[in-house]
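Below are two complexes that have chain A in common, paired first with chain B and then with chain C.
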Partner chain A sequence: MNFIHLIFYAFAIAALVSGFMVVVARNPVHSVLFLVLTFFSMAGVWILLRAEFLALILVLVYVGAVMTLFLFVVMMLSINQVSEREGFVKYLPWAALMMLVITGMIVVVVGPEHFGLTQMPAPPPEGANFNNIANLGAVLYTDYAYAFEIAAVILLAGIVAAIGLAHREPRDRKSQTIEKQIAVRPNERLRIIKDSK
Partner chain B sequence: MNFTMPIFSAALPEIFVLSMACVILLVDVYVGKRFSIVTYSLVQLTLFFTFILCAMQFREYPQAVITFSGHYVLDKLAVLVKLFVLVTAFFCFAYGRQYVNYRNISRGEYYLLGLFSILGMLIMASAMSFLTIYLGLELLSLSLYAMVALNKDSGLATEAAIKYFVTGALASGLLLYGISMIYGATGTVEILSLEKMAVFSPAQTAVILLGLVFVLAGMIFKFGAVPFHMWVPDVYQGAPTSVTLFIASAPKIAAFAVLMRILVEAFPSLHVEWEHVLVVVAILSMFFGNLLAIAQTNLKRMLAYSSIAHIGYMLLGIIAGPNSHQGYSAAMFYVTTYVIVAAGAFAVIALLSRSDMEFDQLDDYRGLNTRNPWLAFIMLLLMFSMAGVPPTVGFFAKLGLL
Partner chain C sequence: MEGLLLIATIVIKIAVIVFVLILCVAYLTFFERKVIGFMQTRIGPNRVGPFGLFQPFADVIKLLNKEIIFPSASNRFLFVIAPMISIATALAAWAVVPFSESVVLANINAGLLYILALSSLGVYGVLIVGWAANSKYALFGAMRAAAQSISYEIAMGFAIVGVMMAAGSLNFQAVVTAQQGGIWHWFWLPLLPLFFVYWISGVAETNRAPFDVAEGESELVAGFHVESSGMLFALFFLAEYANMILISTLAAILFFGGWLSPFQGIPVLESWFAFVPGFAWLVLKLSFFVFCYLWFRATFPRYRYDQIMRLGWKILIPVTLVWIVVVALLVQFHIGPWFN
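Showing the complex of A and B:
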């Protein structure tokens, strides 16, 4: 057990604990903040896996941009905190039991002897001039171009879906119709009839 | 690095659908609401021309073509599935049109999302790696979630959409976990490479099986078979009938193609192992699907349970595949006939519904013969076909499976 192992376990445990806290935290804002911590720990694990560029992108894009927006959304929604927890205690024993059974079965069937460096040897270390970004870019736009394009289409479909769901027809809105105002004729205007008393 | 230029002409249907989706997106913004028929006709024209493109490919490529660095395959299965998906989607839009006009959801987004989900199905049909399978599935599901929720005035539809979304996200998680296990054990996500490996070491096999169980769980979730069937009746009932018509038909064929690729092409050597899982799923689906369908008073829910049972029958075909010379084709025949029959049944519901009422309770159908003898007769034929009464196509599908 050397220093790298220690770092790995620190990040891994932080990721697991914060991931658990995302689910059980009472305050939704706390949940979002724990999710930020999860992403951050995962970025640490990715750095240990020598995926530096992806780790930095995870921190910059997810933690920096996506989660900040998420936080704003959660704050604006003002979710009722009590109603959400209904049934949590009732279902907890069953959920815990199922989880234990499934985890136990997985451990029994594929125990630690199936993993490790003998089963899956580590890739050889790269040279000093190894460029992570260049390699990633090279495969992203060649071997994985098809998948890359589909991911772009998914984003487009997401935009269409979001607008389709959120957009409502303007109704009960007191807005001016400029064209009609310009095209008005004198005989269409309201006339003030003086009281001839 | 060695990189060969992909054969773009093989992926012509997908490219065409995507380009047309972008064009329709722009056209729809400018034509305005009164001319929603323009969007509708453009979408239908797209489907028609894509069908012709696919049909031409069927003759042009007699041999299987694998391109895009092993992510894309064009073989008989892919082309046939695409043709069926396009035909059913065409009729789904045509039958659902009156319904969506009444419900005021006949906006550009409805047809565009439909087109995107069709693109997802096409991608699934010719996916040759777990990566593209997953991406196609997500494109399909994402569009379907939104289509279910498009009827914003209905609380039932919103509830159905949320349920569909949450269970669908869970299924995606299971699928991804399984894929990551398979990738960890073999070091590849491409089905062709997995096929070439053929024999795995015992340690590898255990991890692959674990991954395969999760992949199957995710696929069964999306398919809607027991034990992951809970979302099916709620979603089928809550969704607008035109969308139910769509969900119940074309995606089943695409999911069948994906299941064939994963089980039969990627892991033929593990046949005995995945057979055990599918046997249990198939038997439970047939049992619970048929049993629970009896108790329903809502026709849409009843058809939902019956779809669970039919998925069970279809899985039987995949299980029996290696043991008989026509097992897979029988399963394929079964799933296509089921899809046509189910689409017909939901189309009748959609045609009978009016703007102010859903025509989906069993009591609503009392005396249909006097009001609309033709539709009543068609419904009778469809129900006979589902049950598998001899002169109808459902009988031949079940006979083929046996």
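Showing the complex of A and C:
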């Protein structure tokens, strides 16, 4: 048990506990904040795996942007907390069943028979000058270029669809023409009335 | 034992950086009041010590002694933790900032990404306190801060992507050395539109005038920290000023050559000013940008909310998108004098 293990267990326990609290927290705002903590702890674990690019992107995109929007929306809604709890007992057996199936699958796939050190030996430690980001970029734009481009196009289609759903014609709403507002000169709006004396 | 020694030296370095930074923040508040005072033909604080120089200490002692009031309907835990998040992210970002050729706490590969990630976390302090205080004004301030920081983070991120492409690295030292060769080789010239976008969104990210709708004294009393008193308020204040200095330092490093001398490549002046350490140049450059913050506050009226959103989404982001393509072409075809 050295220092690295200590850091790993700290982040891992934080991730598990906060992940559990996301589900059981009574207040939706607390749930979102626990989800933020889960992401943050996972970023810590990824840093220990020397995947600093992925860890920082996780913090930047999910914690910094996506969860901020989540929190924004959840704060604006006044969710009736009692009615949200009503279906808890009804759905519990199904949820438990799903959880058992998923846990079983993970145990089989990631267990020692298929994912142990004999099947998947630990990668050799890289030198101090190893550049994770440069290597990732090199692989992403050569070996996986098509997959990368397809993912980008799907995301673009998603953006277009979201804008298409939310878009309203300009005539349906009041909007200010800022160009006109900026172009206004004082003598169009103000008239100085001098004393006639 | 060696590991312990290593940790001890790192802790000492961190303590030095934090101590100097907090001293700078304290004097920045004093300097702000003086500068804005002179701009408005007032004198500014001049009672405590010679020329009012001990005013920051008086303010700190006052804030430390004030009672912390918890609104009765507030969420106490989040109300206390929020300013801590603000100050922690504001201070942690300094870990990768290079002060000169060799002086940096952590010279990591992904330094630029680390700074972006941490600066995107700072908004949580504002959001959480706005919700936890259970006050309408605080909630409005937090909402505005969240919408504004998400919008301007995109523009700022794209501006920094341009710098990454021009330097070919995410490491701060590499970014600075890529600008070697005198004032015309610094990135402000090839990346001029990105520099303006970065600086405008930097001012917006720190919630300073003319983008200070999150505080908006005339509409929201004090915005997100309206219910915070004493030390809780002081931490928000400290975080805001530390972030101002950070954004100014980044502007100096990314676009104005960091610790490089401006006289590089000029025959006589270069040797005359060779004795000046890199750190001094960095401080001079960042001081100019910090001064700009105060200058803006004394000059510009506050933006209207819809104007802020229009500027961010319809002007700054398209400008960065166009200029990223231009930078890519400049770098790809080795167009001089910058990318030979």
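Here, the second predicted complex is superposed on the first by the 128 of 197 C-alpha atoms of A that agree within 3 Å, B and C clash if a C-alpha of one lies under 4 Å from a C-alpha of the other, contacts with A are read in each partner's own complex, and residues count from 1 in each chain.
Quick note on the criterion: contacts are C-beta pairs under 8 Å (C-beta built on N, C-alpha and C of every residue); 3 or more make two chains touch, one makes a residue touch a chain.
The model shown is predicted, which means the values in this text are computed figures rather than measured ones.
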item: First (chain B), second (chain C), both or neither touched by A:Leu48; value: neither
item: Which of chain B and chain C A:Val22 touches, first, second, both or neither; value: neither
item: First (chain B), second (chain C), both or neither touched by A:Ala151; value: first
item: Which superposed partner A:Ala14 touches (first chain B, second chain C, both, neither); value: neither
item: First, second, both or neither for A:Gly64, with chain B first and chain C second; value: second
item: Residues on chain A engaged by chain B in the complex (per definition of touch); value: 106, 109-110, 113-115, 119-120, 138, 142-147, 150-151, 153-154, 156-158, 160-165, 168
item: For the chain A and chain C complex, residues of the former touching the latter; value: 3, 29, 33, 36, 52-53, 56-57, 59-60, 63-65, 68-69, 71-72, 75-76, 131-133, 176, 178
item: In the complex with chain A, residue positions of chain B that touch it; value: 1, 3, 6, 11, 18, 22, 25, 68-69, 71-72, 107, 109-110, 112-113, 116, 119, 123, 129, 131-132, 135-136, 138-139, 142-143, 145-146, 149-150, 152, 184-185, 187, 203-204, 206-207, 209-210
item: Touching residues on chain C, where the partner in the complex is chain A; value: 3, 78, 108-110, 113-114, 116-118, 120-121, 123-124, 127-128, 130-131, 139, 142-143, 146-147, 149-150, 153, 157, 170, 306-307, 310
